[in-house]
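Each in structure tokens, the structures are laid out below.
Presented sequentially are two complexes of chain A, the first with chain B as partner and the second with chain C.
== the complex of A and B ==
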């Protein structure tokens, strides 16, 4: 069980992880200036779905976790199917932070990075956290959150101050079809509100206490202002070359202090921001482990979490060595699945669960 | 005869003294160990009065009762059975056997030499009390009792160690301590089955949780004012006979960043000092690792002027940065260990040889570089800002150096996340080690890195289980609200 504050921070950390690395440059490849519109639209959608998720969470948090609720509404088989879908989804989204941390260190901080050593250290850390569970994850996030948010704020300010903001104009150059196809492909990076569904039944709240505006407001600020604002800064610095920067967060501060690739003290700020990415990987692995164990009735979550971590490590070593092609291929393969999980599955869950609850109430009344 | 029964018990004790007195025809035998008792007390308070009242003793029906109530002038006197005689004698009591009586008398005459109360070397203060605990349990209890003159102060004493029979006292305020914590502590103490306890560290290591073995899970102090403050917060002080270090549970990591001086100075100054301690601790642990990572992998981070200056210092060194820093750390640890163990009069010579001659010549010989000496020296000084954490943090420093040397900043960052996560996962006696930061406990942050004034600290800490929240009467409606439970975290 985690506290209300920890739950809020977990969602926010997952939200900001991965949004500032590969995503801005991928969007800028096709949409260029209009990428900011896409990010605002995706952000607004995310806030909207967070509202649904919180409504669900506040109603069902004291009645058990998502699996138990699904068992009541859809039967055990239905619950297992739901958790298997969520397991696949969590594995898909866990690849992003895993790969983006690797990309940052391999392509920016190291001339040559030993893949095996990187994977081993990463594996040990994320599996340790996944094994320790939500409580330790929540507490660790509490300690690092201030550092992460401050470093992100500095990076954002530096980015916005360094670039030529007029580069973002004129807007709305892209055709609607390009916009829609890019929207579909980039849903992989969104959907952090799902964490709130998965935290249902795992948050200790005082009687009559709820999570509402205290999460929605910061979430909305990040989705609608910070992430598009970051894109604005990034694109205004690199303009048409933005798509060739593999790691936006590292690139955005490159010309802030010196016009050289030497004296990059700004990388310290990026390092703190990377903590969010590393921790969010652990959160995904932990939640994926929980889902898998529920589906196959496995008692020892630790072993499953270790295997998931190992699978991601192998994926990183053998598949994601070439960041550009692998990221593009990966989103091509997964985007339909992500659209389904992000924008259809929540409705199915909310509607059927609430209906079941109403049925129960009316039966009790009769 | 009871004397036969008693004497059979200590037939193997060759330092026991037996003194027989003929008190008007009644034989009285005194058993004691000379080095454990006060000779003046036994002569003036026991032997002399018995001889003087010999006539009356013979006439009295209940001779033991007569001796206890009328004759012996020692303050702590009691009737005991024959089976208790040996333990009483070994504890520094005098046992008296009277002819034809089935019971014995035990007179407390403990009188061994102890060290005087002095300022402890590990907890010096500028403005606070200078008294320190000593090795004697009774003196230590008196130092606390004198400061907390309330019947609410409870003292539970137990013996630990099959052979040492070391007295261990739990001191707490009954109205403030959590019954669960007290029960758990007693349970863990009861479980201890060891031949002897030479110092409080034995108890510390035997009552800690299995998880989080690497880090302290029990607080410690040498100063009665600190122990008193902890007891007032609802903690339990554990006093072990024979050691001046008093333990306390529950313990949170923040305690080591606090010093008793903080409470005797302006809160603004105390806050600044605490932040310095915190940053110093982080710098002390991470600096060698960051230096090695920078020099080995990420020299592009350094501004060009600084990089050129650094390169000019290190160009002649043939060792890789990791080996060089490990070598300097190794030297530092050796010098540190030698300065502690070496006789004090050799300390100055050691400093000159170690720091000046060895350091200077090693640089000239090209074995190490000046930057590495500066880095290790800064790190070493920083670690001693928080002396209670120095031993374990110097180990961590080596670990981070290795991580920095093998995996650069990635290793250091991952190590840091792992380290914080590991600390965050530790709970002992219901207290999360990293509270009040993780889980965040708002009310306790008033005594966190930023210290509020004493006026504002109206409640007891909520980071660990205790009872009776109110420490001071609230001065405002907001403070009253604070008492009613705001700030409680359950993560």
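== the complex of A and C ==
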């Protein structure tokens, strides 16, 4: 069980974890300036679905976790299918922070890095985090959250002050079909509201206490202002060459301190922000492990989490070797699945669970 | 306590592993063998390119006599820049720290061939920051690179900072690789590079062991140097005139701070064909574009906090007390405005002839008048010749004297 504050921070950390690395440069390849509009649209959708998720969470948190609720509504078989889908989804999205840590350390921070061995150490770290459970993850996030948010704020300010903001013009210059195509492919990076569904039944709330505006407001600020604002800063600096910068968060601060003799002090801010990526990898591995164990009635979650982490590591080393092309190919393969999970599955869950609850109430009344 | 450590021994093992293993997991000695490449020079030859690296080799306290490092230069040739850089890495026998590179010199031959092609390697290699400064040299880039050893060590290692400082004083422009290439893909397709010209003055110094004087070279970076202008990355020509360069920088340099102007031919009761030096603390440049019947680029420059520094006057000055205020006349204001407006018009007209959109008319129109820009481009026979249809209006004003 986690506290209300920890639950809110978990969702926010997962939200920001992968939005500032590869995604801006991928969007800039097709949409260029209109990428900011895409991010605002995706952000608004995410906020909307967070509202649905919170509505579900507040109604069912005291009744049990998502698996138990699904068992009541859809039967044990239905619950297992749901959790298997979520397991697959969590593995897919876990690839993003895993890859971004690889890209950052191997391609940006160090000249030469034997990633196969560095990756093992990273694997041990995230599996250790995941094994420790939700409570420890929540506490860890509480410790690091302020550092991460402050670093992100500084990076954002630096980026916005360095570039020529008029480079974001003209807007509304892309064709609708390209916009829709890019929208579909970038849903992979969104959908952090799913954490609230998975945290149902695992958050310790006082009686009649709910999670509402205290998550929706910061979530909306990040989705609608911070993430698009970051893209604005990034694109205003790199303009036509934005697609070459595979790690936007380290690229955005590159021009800020040229006249100082201190070197790249901005790397500290970038490294602190990267902690969110490491922690979110652990969260995804933990949640994927929980889902898998519920499906197959496995008691030892730690072993499953280790296997999931190892699978991600092997995928990273052997399948996603070429970072530049693997991101494009990966989202090409997975985006339909992500659209289904992000935008259709929540409706299916909410509508059927609520109907089940109403049926129960009316039977009880009779 | 023993139980605690035995239960958590694996954590300590992991921490031990993390501390002991170097991130590259190679021998410790290799980490120390890192050569800091602080600058690169690219020349063209028959078979491809010649790349010269400026390497800063730190000196131990035993070896150093005042200086903390010494510069070394390593050259290699190859069919591509990638091949040259690879060969340099092998030749120096150490890990080449390209992330410390702060400037790249291109020879004029490289510019005349294709500068963007030569710089493609630096754009794609993530180790090299795209904030690296690009300059060009009239002659051999390798020779100019060798002259950097005549400069003060801090200057030769931090040439980019020097150019940033000079940009604030409106004597040059610090052009990063990112901007140079990115500008070529904008609608105006106009990019620019400053020249790096180092002159060496012979100075005498007395040796310590005996009284014989030694002649050593002292390098100086030339204050005003021409600019090379490009369209779509293709070299078009140079802007050579100092006044034109100054006027151009007035409109283009974003990071200017205080800068000096020399205004000639100021003439009235106070000024008698005077040459006047002024310092400008602030400037505000506003651009506007109209795309009606007559496409026009309107440039408004406001100079603020202008201070009169020096007057070379032929007038007879009477009275023991010469107050500055009588000098701050409307004539001076007008003279400042006229000279700068004239210089800006000359720059525009000269570069218009060769198709260089120096003030970014196309970029501005594309960003802020997108629809009209599209209509305008479609209405002319050849879209590349849009500049022939554009008029230029410039207004310079002095907001205040201090």
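The rule we apply is simple: the second predicted complex is superposed on the first by the 362 of 366 C-alpha atoms of A that agree within 3 Å, B and C clash if a C-alpha of one lies under 4 Å from a C-alpha of the other, contacts with A are read in each partner's own complex, and residues count from 1 in each chain.
Keep in mind that, in the parts below, contacts are C-beta pairs under 8 Å (C-beta built on N, C-alpha and C of every residue); 3 or more make two chains touch, one makes a residue touch a chain.
Bear in mind that the values here come from a model prediction, so they are computed numbers and not experimental data.
Using the contact criterion defined above for the overlaid structures, shared-chain residue A:166 touches chain C, although it does not reach chain B. Applying the stated contact rule after C-alpha superposition, one finds that A:255 touches chain C and leaves chain B untouched. Using the contact criterion defined above for the overlaid structures, shared-chain residue A:157 touches neither chain B nor chain C, since it reaches no partner. Of the two partner chains placed around the shared chain by superposition, chain B and chain C are both touched by A:118. In the superposed model, A:110 lies in contact with both chain B and chain C.
Shared-chain residue A:140: touches chain B; no touch with chain C. Applying the stated contact rule after C-alpha superposition, one finds that A:238 touches chain C and leaves chain B untouched.
Contacts of A:246 after superposition: chain C is touched, whereas chain B is not reached.
Of the two partner chains, chain B is the only one that A:2 touches; chain C does not reach it. If you count the residues of chain A touched by chain B and by chain C, you find the higher number for B.
Shared contact residues of chain A, touching chain B in one structure and chain C in the other: 110-111, 113-114, 117-118, 121, 124, 128, 258, 261. Here chain A touches chain B in the complex through residues 1-3, 5-6, 105, 109-111, 113-114, 117-118, 121-122, 124-125, 128-129, 132, 135-140, 142-144, 204, 258, 260-265, 267-268, 271, 274-275, 278-279, going by the rule given at the top. Interface residues of chain B facing chain A in the complex, by the touch rule stated above, are 297-298, 300-304, 307, 403, 406-411, 413-414, 417-418, 420-422, 424-425, 432, 434, 437-440, 489-491. The touching residues of chain A, when paired with chain C in their complex, are 107-108, 110-114, 117-118, 121, 124, 128, 166-167, 169-170, 173, 237-241, 244, 246-247, 254-255, 258-259, 261. Residues 14, 17-18, 21, 23-26, 95, 97, 99, 123-124, 126-127, 129-131, 158, 160-161, 164-165, 176, 178, 181-182, 185-186, 366-368, 370 of chain C touch chain A in their complex.
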